[in-house]
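Below are structures written as structure tokens.
Two complexes, one shared chain (chain A), two partners (chain B, chain C).
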Partner chain A sequence: MAEWLDDFLFTYENLVHALGVHGLLALSMYCVMAVGQLSLGQAAFMGIGAYTGALLTLNLGLPFWLVLPLSALAPALVALVIGGPTLRLSGVYLAISTIALGEVLRVLYINAEWLTGGALGLSGIPRKADLWLIYLLLLIGVVAFWAVGRSKIGRAMEAMREDEAVAGVMGVNLPRYKLGALIVSSMIAGLAGCLSSHSNSFIGPNEYGFEMAVTILSFALLGGIGTPVAPVIGAIILTALPEVLRPLQDFRLVFNGLIIVIAVLFLPRGVIPFRLRRAP
Partner chain B sequence: MSRLLSTVGAIAIGSLLAAPAATTAWAQETVTVGAIEILSGPSAAYGTAIKGGLELALDEINAAGGVLGGKKIALIIEDSAGNKDQAVNAARKLVGRDKVPVVIGPTLSNEMFAVGPVTNERKVVTVGTSTTAKGITEIGPFIFRTSLPESDVVPVTLKTAKDKFGVKKIAMMYANDDAFSKSGFDSMKAAAEQLGFEIATIETFGSKDSDFSAQLTKIKGLNVDAITISALVEPISGVVLQARQLGIPASVRFIGGNGANSPKLGEIAGGAADGLLVGSPWFIAKKGETNEKFVADYKKRNGKDPDQFAAQAYDTMYIVAKAIDTAGAADSDKIREALYKTDFNGVMGPFSFTQGRDPASNEGVVVLAMKNGRFEILE
Partner chain C sequence: MLSQQLVNGLVLGSTYALFALGFTLIFGVLRVINLTYGFYFSIGAFVALTAARSFGANIWVALPLGAIAAGLVAVVADWILLTRLRRAKAGELSSLMVTLGAVLALYSLMAVFIGTDIQRFPFGFVDNSAIEFSGIRISLVQMLIIGTTLVLVALLFVLLQRTKLGLMIRALAENEDAARLMGINVGLTVAAVSFLSGMLGGAAGVLIGLNFNAIQPFMGEHMMLRGFAVIIIGGLGDIRGALIAGVLLGVLEVLTAGYISSNAKEAVAFTILVLTLWFRPVGLFGRAQAKRA
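So, the complex of A and B:
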């Protein structure tokens, strides 16, 4: 029985890791969408975290408890620098400029061969991201967002999401909230990146491009953004679905797509459409 | 509600318990072998060809009595969709639930870099049939490959160009954003330096680029004898077409890596690709009874001509089956020992493994030249 359990865990270890990491990415998407911004830079921030973490571990041999916060800090710095000019934009324009961030970084990873290994990527990254750590961070993230969402800050964020102009008139400091949200979201994405590179043993420059950005966005779209739990549920569904449907063989992708289309058609506000109740 | 939940729970647990029990009972009459290939998405053509090759060989092996004195081989092919994570999930499923002693694949080198450490850790023999990048077999002692690495094929092509066409001064081009192209270029550069070529310039481009005029204009001014190119077939076709449009004469031959070895090149670039040289471990019109039978059977079974991926997969299935037979049991450690003793003559030619688990000889490599949009053996 113990051996069977061991095999079972082995079979799904990678999937369980991915569920946690994608949950964190969904939270980072939630963080920017909660203030009404559409950012497609989350994949880029994830990439910065992944590369920072992998390089610190491989080249400097730093302990993981130090690598993890540093990989959250690196994307935060980038977010701080690019936040100023890009947050003057909104809607699709912000989305487009954040896509550019991902592309710029991709070209950088490819050409900085002496550091990032170019197209061949970095391999042989030790597996240090324990399961409990990933899920602890995810739990802390959800609880923190829940608490913030119910507070005065949460109300300001919701006001911004529904109508930015009105929120501004009511005295919400728009630029500060937007920059704050971007920085926090980049840190969470960085953490997720670092955790994924330390559970995958290989990273390459093409993993954090447009495709990943859209995948992260779809977590929030499928789950909904009413509560911090919703996008995490969306991430879990989208990540687990291809594996759950594996027995269908050739029809796997057909059913995968069908389920998503039905969900979006009939649940336009997400699978979990409820909104946070305010603190009294 | 709670009743519904407990029912669902019971069914879920029941199916989980039943699945491993079912496979073990089944495994007594058959030997299960796993494969991970790209069967969906943009690169599905590679995986489908490999699947065709594997299944053709499998049918023949089972019809001839199977392995280990009458046991049939059951092949479980999992789809990776070209995605690294899905490839790892598939590998974990094959190893953890289906308990296969051997995994064939995955299709791409990138996927192997992610899958290899997992299967190697579990001491499951993994045999790549289409992974040509550098460092694949260095992942660990259980990782083999039957595909010749670029570093074995490219020197043959370049030497032919030097000896037959007197090529001395070359320009080198490659796509710098994917592992396959970059790794192929590294092998080309090493071979070119060893053969004493004068490298006039090295130009890079992106796999999805469509305009190569800047690089080609520069190359045109350098008056080179030939241009080497390492990329996937789509960008190569674009480069070749634009080179002729810009007036680089047809006497300046292109020399391609493994990516150029695809009938698609002729379909896209047509006559512009004429004269392009490429080394291949296999060729459809290769002489010999084994190959002619393979081509005819493959065509009958799958309705189209086999390509090199199908040929490599076909041989690999035989090599794995023979190793299981020699090992005397479906046991990874024993199969690994048996693979080292492989001495096989298949559609690619004589085959054995080096101590580094790569193919031992590149004798089977033929140099092909493009003529009127089709590959022909260079006489």
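So, the complex of A and C:
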């Protein structure tokens, strides 16, 4: 490997890891929004993955190749419990119950001290998630969504996003698609959480709450959800920007919040307004 | 023991009810899940705190000040964030996202300028004494909380049912276009609803700030979990449902803390929320079908 790349990675290791993890989170947000739903639980799902992964590694010493899929499975179960009833109702119910999920988990992590280390969190998690793994998974995710987006399933998803009633009449199985999208997205978020806990070596209860949930939404809205790459680019911009513009640091969350306001009011298709080309 | 806990639960529950009342009023009339609502709660508490500190205002001055300030913030926030979407008849999710982004920006701005440390009302701001009868202890603060909640709820009902403004609000809740055709000034009515709900949120902020005597910018966000649970259990937009669900939640939380464990208390709101969604999505008193997708 070139020496400058080594130096660069050494200096900016945390940032490079965060870019990849945030890219995965943006993908998971994309997955739900692609069927016209709004889940604000991506941060909570990420937290479940992070805690599951960290606890399995620390307490049971399971190998990482086993920890990773288990950390994707745990949030999927929670998504099933919440998505089951809410996805039959109008979209606000999913949004409300997922945002409430993040809030209740934060409090539970703090209170279940015997398991989660309480407010201090868990530390000393071995750094098993290397850079190549994170970016490989991100690449697989983008390519998979790209392929799905061009298939019949992608067409059904786009139809749902534009007009649910029409899509339903055309024979799209709405509940199955919505629940499927929510579960896949929670699994990606869980993976991202597990990867982040195994690259930061520390996790705490306040990292997966409201601020993170809104930040993940801002990734997707900045990029737009026309293609799976767009939200990833949104995540990269919003993660790197505070590092480049230091004065922005204090106002990072203010900025992320305002991005959402501006995107919804003025740029409904995001900064990257292209859409997937259909397969002929 | 049990009766004491019921009293404590009633106090906690009436703050939840008061908080959720404004939240559900916004949804019932304006068809918006307005997440900036949690910020009105925080700003109400902070204005009261500042008034108490800077010119020694007592509770009878600080409470209305906090409520009115929150009401004004609510009017401005609604006007900036939602006018455009309302005109475009954008969906519920767009307005939810806008207010979500805005509320994070608002909390974070407040945290940058005020800090996230917990702040307290000055000593002697309220009388800390308590009265006791037949073994039940009720502090004056608790009586103040219940009393204020009752008065505000009564005023709201009179306003909605007996005044012209109330008629306008109910018409708007029924159908915006029809209301406009009947000559109702929709813009003004929307502002009135925002102001009313902002006041309710702000007043709840002052009272809860008083109850726990711990005030910090994100307190509104932490309260929202209860707000969500109460408005869903009561039925979205249902004022009477929100009142009863709020009191019920407060009592259940206190009983859970007393008889099971204080950790379990934190999960009560969310558990009932999910159970409601599974088994009774229209809420406690909902008769109409919940809106199906």
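Things to note:
Here, the second predicted complex is superposed on the first by the 246 of 280 C-alpha atoms of A that agree within 3 Å, B and C clash if a C-alpha of one lies under 4 Å from a C-alpha of the other, contacts with A are read in each partner's own complex, and residues count from 1 in each chain.
Quick note on the criterion: contacts are C-beta pairs under 8 Å (C-beta built on N, C-alpha and C of every residue); 3 or more make two chains touch, one makes a residue touch a chain.
No experiment lies behind these values; they were computed from the predicted model shown.
By the touch criterion defined above, A:101 reaches chain C but does not reach chain B. In the superposed model, A:221 makes contact with chain C only, not with chain B.
In the superposition on chain A, contact is made by A:265 with chain C only, not with chain B.
By the touch criterion defined above, A:85 lies against chain C but remains apart from chain B after alignment on the C-alpha atoms of chain A. When both complexes are overlaid on chain A, the residue A:121 reaches chain B alone and has no touch with chain C. In the superposed three-chain model, the partner touching more residues of chain A is C, compared with the other of chain B and chain C. In the superposition on chain A, A:111 contacts both chain B and chain C. When the shared chain is aligned, no partner comes close enough to touch A:52: not chain B, not chain C. In the superposed model, A:253 makes contact with both chain B and chain C. In the overlay built on the shared chain, the residue A:164 is in contact with chain C alone; chain B does not reach it.
Residues 111, 250, 252-253 of chain A touch chain B in one complex and chain C in the other.
Contacts from chain A toward chain B in the complex involve residues 4, 7-8, 10-15, 18, 106, 110-111, 118-121, 123, 200-202, 204-207, 242-243, 246, 249-250, 252-253. If you check the complex, the residues on chain A that touch chain C are 38, 40, 81-82, 84-93, 95-97, 99-101, 103-104, 107-108, 111-112, 164, 174, 210-211, 214, 217-218, 221, 250-261, 263-265, 268. Contacts from chain C toward chain A in the complex involve residues 33, 35, 81, 84-85, 91-94, 96-98, 100-109, 112, 218, 221-222, 224-225, 228-229, 232, 236, 262-263, 266-267, 269-270, 273-274, 277-278, 281, 290-293.
Within the complex, the chain B residues that touch chain A are 16, 20, 39-40, 78-79, 81, 84-86, 88-90, 92-93, 95-97, 99, 110, 113-114, 117-118, 122, 133, 135, 176-179, 181-183.
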